[in-house]
């Protein structure tokens, strides 16, 4: 089966069949990163541009490693060194990059919709690596791969997502993807962190963590974006963590075999207590990172290597 | 034929035969970037250092892609991450890089003459990727390649260059190169943006855009360096664009088959109106970018791969 | 013989046999960088992460070139573009990188002990590329390689190290390594730049340069870290250079065939007068840089390529 798509812009656009294809392809790529020689010639002679307008370690590195393990040429452009300094618009940047004949442009941007704009402008494949508070589909796909790996399925699971739902592209992409795959999603967060009309996305809403995680198969804690919280949507970190930090007490409300996820980087003691974050019997946070390389290899392969 | 040169420092140093050799080699490389597998082993095992002391997206990316498509190893050094932070002089940086045995050093620097200093210090090939307001030879070569591609020749064409001539390394390199190739060059710009004695470079000078572009085969609009204009050499952007913006009205003064060029990034509505910049019947701005990769591949090949 | 070590954290941990193995391996790699095709397939499919929390040109570039000439994939992460911006701890960064299955992590960090912490957390090989004022073992190894190259031996030589001993990781690593290899070490510097109890490291201490360099086979001048000297541990640069700058007069006190070393970047006229720094009859500063690539190739090979 082929992925009949030019771009990966969001989970909202992907069908169940497409998601399954991506996850199965990613599973088959997982083994390459454990080999003595972690490299296959699949994308030799392809050019991948990582165009990052926001700081990132893990996502950019994950895409760069994914590209290199498939033998593609990878080019990093970050906003601090780019012509954005000269006031070039995203549109002109896009058209200029297009004229250099890359095969894929991976973009992270603080503005929701930037990857969609790029997609409409250039003929190359675009992968959204996070656009504002909108979507982060590769994160959702690696989360789904991790859930499937640990639970054997996604359908029928109860999955709690807690924290700053309103500002989280990770939450949004996971809600789109996981509901589509048949999971039951509940969310929890302070009132100021819950988007209006969120029930319309097909989720149940709670104003406290305990109710949300009761009976959950999966608990996904979101990152508090400390660096974006100058406008202070909650009284204090201390008060937040008193009500919304996952710890050894409240985790007992979840299923015995619950798995704990976090997109990283963790604020230890704010979203998750350190003992839970580092507990190998429930935390799958590093499996998420590991699966991230495989998911990105799968997407690069399906978009530009799978049509041969 | 071989290029009997160690370095590419400026158009002033290149002979007509050398320019023709570079352009023909670039034309032969153009096809590689359209292949399914965009890579040839020509420069395998060669090391190219991109040493950029000024922000750049397109030029640095263009050189990096050019190097990778020839299978060279490319190393990026930008001033924000370099020992320049520690106060190292260009001389010591150069000698240190030389001791690591690269094959080519591509340098962009805000000081005119920096590539020439580098060239006198190290045994490796130097390519000037822009030095202050002095020269930007790879830009001129890609411009010449684009003109030749669209017009079939350079000799005998009337080429108008308009804008901030005095501060433009693009203008200077093009004037050197295009006059050498037999084109008739006219320039236009506000009095504060015209260098003294510019007629001595073999160009005609006008103080208004209309006179300059009348009958032109090629119109090359220069970028207003907004980020360098704090000292305000012209009254206002609005006044500038009223007199020097290429638009659907004044372009009628040029030949019917005029082509419009710009080194990018464009300030839309300042140097060129958006409808002209995006009009595929006259704008060749993206061809310039596309040809840029081929020109840089050609230079890398001629300097370090062509002697075998 | 194999290097039975997971990491290269400091010269203090390396035995004489291990140092000899590394130096001999580096000597055998020196030739690769002089070939027409400077690349061997030794580390194809290996992933090397350069994790630099401090600005660096030569060390980062040297490691990147070393990795690429061995055909490894190299990934650069610098603090300015990393999740450190988001407040991620070194511990979480380390665990996340580990989950992406690199083979080696090269780390430079302003905190002494950071590489050791990393080593205790992740299963991959760690190379210390400089940790605070603690150690810089690859610099010491390339210094030792240079001394051996020029003098034929290390044992029995008189080696003077002068400057800011207290804040220098280069001095510390060299003192550990060179005394172990049987050299006699003397150090000199202003009282404020000498660590307490330094005699316990097995060195003789002088408060003036002349006494230290008298009869020396090797003079190693340390860099004054101007950018760290806001707290001014010495009265003025001028006064420092009057007493501690190596010049054509005081160098006569050393042996006739003395060699002059500096880890770079040099503050010309502060630590070494320009005529001495550039004198090919005594200065081996660029040999150090050249040997640096070979030493790093050797370490990468011994850590991750030598067990096959």
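Just so it is clear, A, B and C label the chains in written order, and each chain counts residues from 1 on its own.
Everything that follows uses one rule, which is that a residue touches a chain if its C-beta (ideal position, glycine included) is under 8 Å from a C-beta of that chain, and two chains touch if they have at least 3 such contacts.
All figures in this text were calculated on a predicted structure; none of them were measured in a lab.
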For the protein chains shown, what form does their contact graph take: line, ring, star, complete or other?
complete
For the identical-sequence pair subunit A and subunit C, what's the CA-based rotation angle in degrees, nearest 5?
120
Could you give the separation in Å between the centres of subunit B and subunit C, each centre being the mean of its C-alpha atoms?
40
Two or more partner chains touched - positions in subunit B:
80
Using the touch rule from the top, collect the residues of subunit B that touch subunit A in their complex.
33-39, 52, 55-58, 60-62, 64-65, 68-69, 78, 80, 226-227, 264-268, 286-287, 289-290, 292-293
Under the stated contact criterion, what part of subunit C meets subunit A in this complex?
44-47, 49, 73, 75, 77, 80-89, 92-93, 95-102, 308
